[in-house]
Structure formats: C-alpha cells, structure tokens
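Letters are used for the chains, namely A, B and C, taken in the order the chains are written, and counting of residues starts over at 1 for each.
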Amino acid sequence: MLRVRDVTSSYGDIQVLRGVSLDLGDGEIVALLGPNGHGKSTLLKAVAGVHPATGGSIELNGEEIRTEPPHRIVERGVAYIPEERYLFPDMTVFENLRLGAYTRRARERFAENLAFVYEIFPRLRERRDQACRSLSGGESRMVAIARGLMSGARVLLVDEPSIGLAPALKKDVYEAIRNINRQAGISVLLVEQEIEYALRLAERAYLLKKGTILFERPVSELDVAHVKEAYF
Amino acid sequence: MSTVWRRAMPLVRPRYLLLAAVGAFLAAWPYLGADRFVLHVAGLTLVWAVVASYWNLTNGFAGITSLGNMGFFAIGAYTSAVLAKELGLTPWVTMPLGALVTTALVTVLVGLPVLRLRGIYIALLTLAFADALPSVITIFRTWTGGGIGLLGIPELLEDLEKWQAYYFALVFFVVAQVTLLLVVRGAPGLAFVALRDSEAFAQALGVDRFKEGLRVFAISAFFTGFAGALYAHLLGQISPAMLGIEQFLMVISMWMLGGAGTLLGPVLGAAIITFGNEYLRVAGSLRLGLLGLAIVVTVLFFPGGIMQLLGGARRALARSRGSGRASPRTPGAAEAAAAPAGRTSEEGR
Amino acid sequence: MDAFLNSLTSGLIVGSLYAIMAMGLTILYGVSHVFNFAHGHVAVVAAYLVWFVADRLGLSLPVGIVAALLVMIALAAGTYWGAIRGLLRRSEWAFGTLLFTLGLAILAEYALLELFGPRVKSVPAVLQGSVRLWFGRLTLNDLFLIAASVVLMLLVGAFLKRTLTGQAMRAVAQSLPGAQVVGIDIDRIYAATFVFAFVMTGLSGVLLGTKTYMTPHIGWEWMIKGFVIVAFGGLGSVPGAILAAFLLGVVEALVTLFLGAIWIWPAWLVTFIVALWIRPEGILGGRSG
C-alpha cells in the first residue's frame, strides 16, 4: 500500500533522514521504533507532505506522492495525526470533525464516517459541542485521531498517540487504534516511544536510528529488551 | 622588513583600500570642483545615511520592526530648533540637547511600551507614534510654526557655506558610522544576532530581550535625533512634511534597497535615493511611482538589496578567477536557500 | 445635550464604517499573517472607481459598485498569486510582505494621482433627504450606512460560520498545521482570504466615500486608522475589531466636540497605548475567528 524507498530529508543543514525504506501493507499495523530525535516524526511528516522529502520515493498504491502538497496526500487517503494534535482550539469538537471531512470525497461520506468515529470514541459524542480549548489531554488526542479518520483515510500515520497520557487513557487510545484497524481495515504506521504498547499492537516493527533503518522484524521475533538494547 | 610587511598585509585587503579611497574622495570632494548644489545634496545624503543606518540597526540587525524613526528625527529637529530660536542658545548646545531629549522621549514613550509587545504590534505602535507628531506640532504652533514650519533657525555658523555644511555632515556621518560599527560588532550586536537567530537559546545565555531592545532604541534614537537636529541647523528651516509618508517611504527604502542587515547597504541606498530624488524633482509625481516600483521590485526579486547584487557580482568574479572565497552575508540571499520556514509550511509559526 | 447626542450618533455611524474597514484587515491578518499596508489604498481605489463610473461616466451607483468589486477581486487574486504567495515561502516573509504591500500602496496612490488628479472627491450619496429624530436630523444616507454596515457584519459572520471556505479560513487562522493535515489547500484559502478582504475593504471605502471626502492621499490615513482599530481589538479578532471601531468612532466624535479635530490623533494614540499597556493582545485578546 505504502512504499517508502531511500527517503532523505533535512532541517536546514542537518540531515535527519539518510535514506529510509519501509513498507506498509494493506490492513497492517506497523510500528516505527527508535530513540528520540533520530527521524521517526520526520519520516511521518515527509510521507504526509508537511515536511519536504529531499530525495528517494514515496509510493501510495504504486503512485509517486513524494512531491505532492499535503492536501493532495489527504485526498489520496493518507491521514497524519501529529503528536502536537493541532486542533482548532476555538471550535467545538463537532466543528473539528466536520473540518476533518474537508475533502470532497470525505464530505460525501460524512454521516457514515461520523457514525464510525462516534462508535470508536463514544466520549466525543458527549463532548460534541464543547470547545476544543477546554478538552483534557486524552480527549484532545481522541479528537485528533477522530478528525484524521473523518477524511476517510485508508492509511493512518500516528505520531506518539500516548505521549503525556495517564496509563488508563493510554490503553483506551491503543484500544481505539486496534478497533480502527480491525473494523475498517485501515493501515496504521505508528510511531511510539513506549515499546511495550507498540509491540502489543503491531504486526511488524522497524527500528529507525540516526536517520536509517537499523532492522525490520515481525513482532513475534522481537522482545522489549532486545529493542531497548538497540536504542543505545 | 618582511615581518612588518606580513603584519601589514591584512590592512591592504582590497576592501580597506577601497574604503580608504572612498574616504579620501569624500574628504576632498569640495576641492574637486563639486558645485554648491552637488555639495548640498551630498550633505543631505550623509545625514540621511545616518538615519537610514540607525533605522537598519533596529530593524535589520535587532529584528525590532520599528516604523517610527522619522518621529525620532522630527523630535530631534524640532527640539533643537525651538531651543535655539526661542532661548537663543547656540546650535552646538541645542543639538546634543535635542538628541538627548529624543533619546529620553523615545525610550520612555515608545521603547518601554513597545518592547513588551511583539512583531506587528511594535510596527503599529511606532507608526502611530510618528503619525501623532504632526498634531502635536500643530498644537504647539506658537513655538513650532504649525503646519507652515519653522523658518529662520540659527545655522551652525553665521552665513554657513555649503562646503562647510558638507564637512559638518561628513564628520557627523563618520562618528555615527564608527559608533554603529562598534555597536554591531561589539557585545550588543552579538546579543541581537543571538536574539534574532534563536530567542530561547539567547535567553538561556542570559541575554535579556527587553534590556537589549531598550538599549538599541536608545542608541538609535540618539543618533536619529542628532541627525534631525543637524538637519535643522544645516538647512535653517524645517516643516512637518518631514513626517509625511513620502519622506518616511524614502528613508525606509534607503536601507531596504541598500540591503537590510548590512552596514554599507543603507549608505549606498541613501546616496541613490537622495541624489535620485533631487535630480528627479522636475518629474513631479513620477518620483512617487518610481519609488513604489523600486520597493516592489526589490522585495520580489532582490530581497537582499544592492548588497545582494554586489555580493552576487563579487561571487561571479571570484568564480571566474577560480577562487570561491567570497561569502554571502546578505540575509535574503543566504536564507532564501535555507530550510523552508515561510508562512505556508508547518514550521512557519 | 443635543450637540452631544448628535456627535455620539455621528461617532457611531463613523464607527460602523471603521468596523467594516477593519474587518477585512483583521481577517486577512488572522488567516495569513500578512499585514496589508495597502489596506487604505484598496479602499480608496474602490471608492474612486465608484466615483468614476457613477459620477464621471454618469452610470448608476450599483453599476459602479459592481465594477469596483470586480476590480477588487482581480486585484486581490493578482496580488496573491503574483507576489504574496512567493513571499510567504521565504524565511523573512513577515517583513517582505509588509514592504511589498507598502510599495503597492505607493503605486496605487500614484495611479490615482495620474488618472484622477489630486483634487478632493466624494462618492455620491446613496439616498437623498433626511429624517427628523427627537434630538436632531439624520440624513437618509446615514441611515443607509448604518443598515449596510449591520447587514455586512451579519453576512461576514454567516460566511465564516456556515460556508466551507469560511470554516477553512477560520481553521487556518486557528492552526495552520492543523489545517494542513485535514487537507485544506492553504494556497487556495489564502487567495480566497485576499479576495474576501479586498472586497470588504473596497466596500468600506465606498461607504466611507459617501460620508467623507477622499483624495489619492487619504489611503494612508484610512490605513493607520484601520491599524489602530485592529491592533486595539486584537489582531485577527473580528468581534474585537468591531468593538474597537465603535469605541474609537465615539472617542473621535467626542474629542472633536470637546477639544477640536486636531486632538483626534493624539487621542487615538493615547487610547491605543493605554489599551496595549493593559491588554497587549488587544481588548478581546488575540483570539481568532
């Protein structure tokens, strides 16, 4: 579904990605692990088009999307859920979700997608008329994921969904991602610091270090200690 | 002999030779057959060059978007002129007084409130400040002459000749530029560069945005106010027209066309704009159109101004000679090629 | 007492016109962070166009307004796609767009000067005649101005709340990266915002032109008034701008009544400085949308 080959990217003079390749299959959950500041988020941003990939290729269903602007990539069915969430703070939960369905295709399936999103996150239905500014951290995270789903995405790029959340909430968020994947068959590329959670959810994992992929394994062949070792 | 020669070598770099040649020319100009009109315009150029350079200090170097510098200029000019005229003091006393009054007023009325604000608010408040001054001048019309202006201001010397005026302006210009060089290359300059590049990092090093900003405002106000005072006593007459939008735009284009954030740029810009303006007086309103066109074209195509063009030419020259030594230091040129940090990318905010 | 009420009414009328003028400026800033220094000139150009079509060519006022708005749309689209779009991609975009719009303002002034000359003009009143109210007379044109301002404000509110483009504009104002990740084409929304702002500003210029005189030069005055209102109300805040416009309109009228017109600018400045001391983000805070 998503095929990344030799992607490079930099911030100013600092090269962050030095040729990264990975694959995300249809309906798959893949974890992208690795120490902080080694390029995991940059890779998601490069795929989403919000930070330019300077070289390599990014293919979606066989079509090159590396140089497409972000809104075209959303139209093609890729939703990026940034770690920073970037909600519209002075709008209600519902208004945020409505903007999530901004593309023409998404607007046509608005009711359907909204029902699905409320099924995954029942709490958002209760909060629908509340301004996002006043939401708790966990609720904002849910809105961010839900807003991404409203675009009718087939691929979800999720950046650190559990960061800063209490353990119980972390479990909720992970449960939601699992449901999204199982019920709608949406592929998920997951960047995560908490290796335990990530490995419970994903089928395969990549380890990204110093801007390159160190290794790629099925989760069944990995254990937490092994991965942690590779961090240093 | 050879050691002395080697020690002296750094001084004979082309740039210093050029500077020395230009300096010698400026010093000898009145004796090289320049007529009174040319000397008059050259004197004005030197005064405007100081105003433009110190405007560039706040905006180009310190990153504070001040739009009120013509207000500083007018305060200096009016204070000194009114003191000299009403109290009969000699300009040699009233000019520094005018500069000090400007410094005090600007730091208290503009610097203190403005530096608590950010970005565009600074631009707005400083502009509103300068824009309120014509009303103040009208309100105090008994001393200031109101809208007509102030005539018969005591000149620097009795029967001041144009060549004398030129030398006074030249001395002032040199003092102002040397001070500017010391500020920019010294500790304050480093602090501004640090603040502009990364405010968080600069603060971690103990640089205080507010204190440094206030200091810049004070220095800029002093020299701009002094320039205004000198202007008043060189010409013998001033009017609120100096606060008009055209004068404002002309001075702002001096440092902008010359090259924001460079030392030489505003001086070159002042020369081009002042001479251009005087020689195009016959063209009337066309000057306005040309000014607008110059600003628009510069912003769109040469954001680094003349200095960027010169840098480009020098690099081309260096390349053709086979040495790639020249380095681009104009902000527009160097940064345009860097990371995308505009308002359309995620990093833009 | 009657003089006071008269001046209060006139302050409210002028305030409502300032509010319309400031709305385009504040929304443009809120969405794109471009501060349009040609703002006043956009208003003046529109007013001159209406004057030209309605008065000089002798066609009707509505024809003039439609013609002016068409020019505004073309001008806005041209400005965005031709220049601003490229400038926003630079690291020095804030200063670059500031200077560019400044240059544009000069060119507009020069064009008006060349085409129509420096003499004072005004847009013909929309309605003739006046009505008697208990404290004095009010011209029908003033009543029309009030009605038009209220209608325009309601329309803008509805546009921002109800239309997809309006919602997207608010989204960009509240979070640019957020707008990017939901698939909003930022360039298109910026361009739409420019068109929207120029049309609003043009309309405000036409309305102001029926109330006051105009010269090619007056754009600067309108621009600075727009600035103070917008900064006062909180950049990017529409309710703030409306409130500030009424407040400053009334302050202006009362200062003129009690102190004389020469004190208008100092009064504006003092109000402005005091306001910024108390609330550096404007009276309603820097919130957007």
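Just so we're on the same page, contacts are C-beta pairs under 8 Å (C-beta built on N, C-alpha and C of every residue); 3 or more make two chains touch, one makes a residue touch a chain.
None of these values were measured; they are calculated from a predicted model.
If you tally contacting C-beta pairs for each pair of chains, B-C comes out on top. Ranked by how close its C-alpha mean sits to the mean of all protein C-alpha atoms, the top chain is C. Separation between the centroids of chain A and chain C, computed from CA atoms only, is 42 Å. Annotation: 51 Å between the Cα-based centres of chain A and chain B.
Between the Cα centres of chain B and chain C there is a gap of 32 Å. Counting partner chains per residue, chain B has residues 338-340, 345-346 touching two or more of them.
Among the residues of chain A, those in touch with two or more other chains are 50. Shared interface positions of chain C, defined as residues touching 2 or more other chains, are 177, 180, 186.
Those residues of chain B that touch chain C in the complex are listed here as 59, 65, 113, 116-121, 123-125, 127-129, 131-132, 134-136, 138-139, 245, 249, 252, 256, 260, 285-286, 288-289, 291-296, 298-300, 303, 331-332, 335-336, 338-346, 348-349. Only residues 29, 32-35, 83, 86-96, 98-100, 102-107, 109-111, 113-114, 176-177, 180, 186-187, 190, 217, 220, 224, 227-228, 231, 235, 262-266, 268-269, 272-273, 276-277, 280 of chain C touch chain B when the two sit together in their complex.
Contacts from chain C toward chain A in the complex involve residues 164, 167-168, 170-171, 174-175, 177-186, 287-289.
Contact residues of chain A toward chain C in the complex are 48, 50, 69-71, 74-75, 79-82, 84-91, 95, 98-100, 102-103, 106, 147-148, 150-151.
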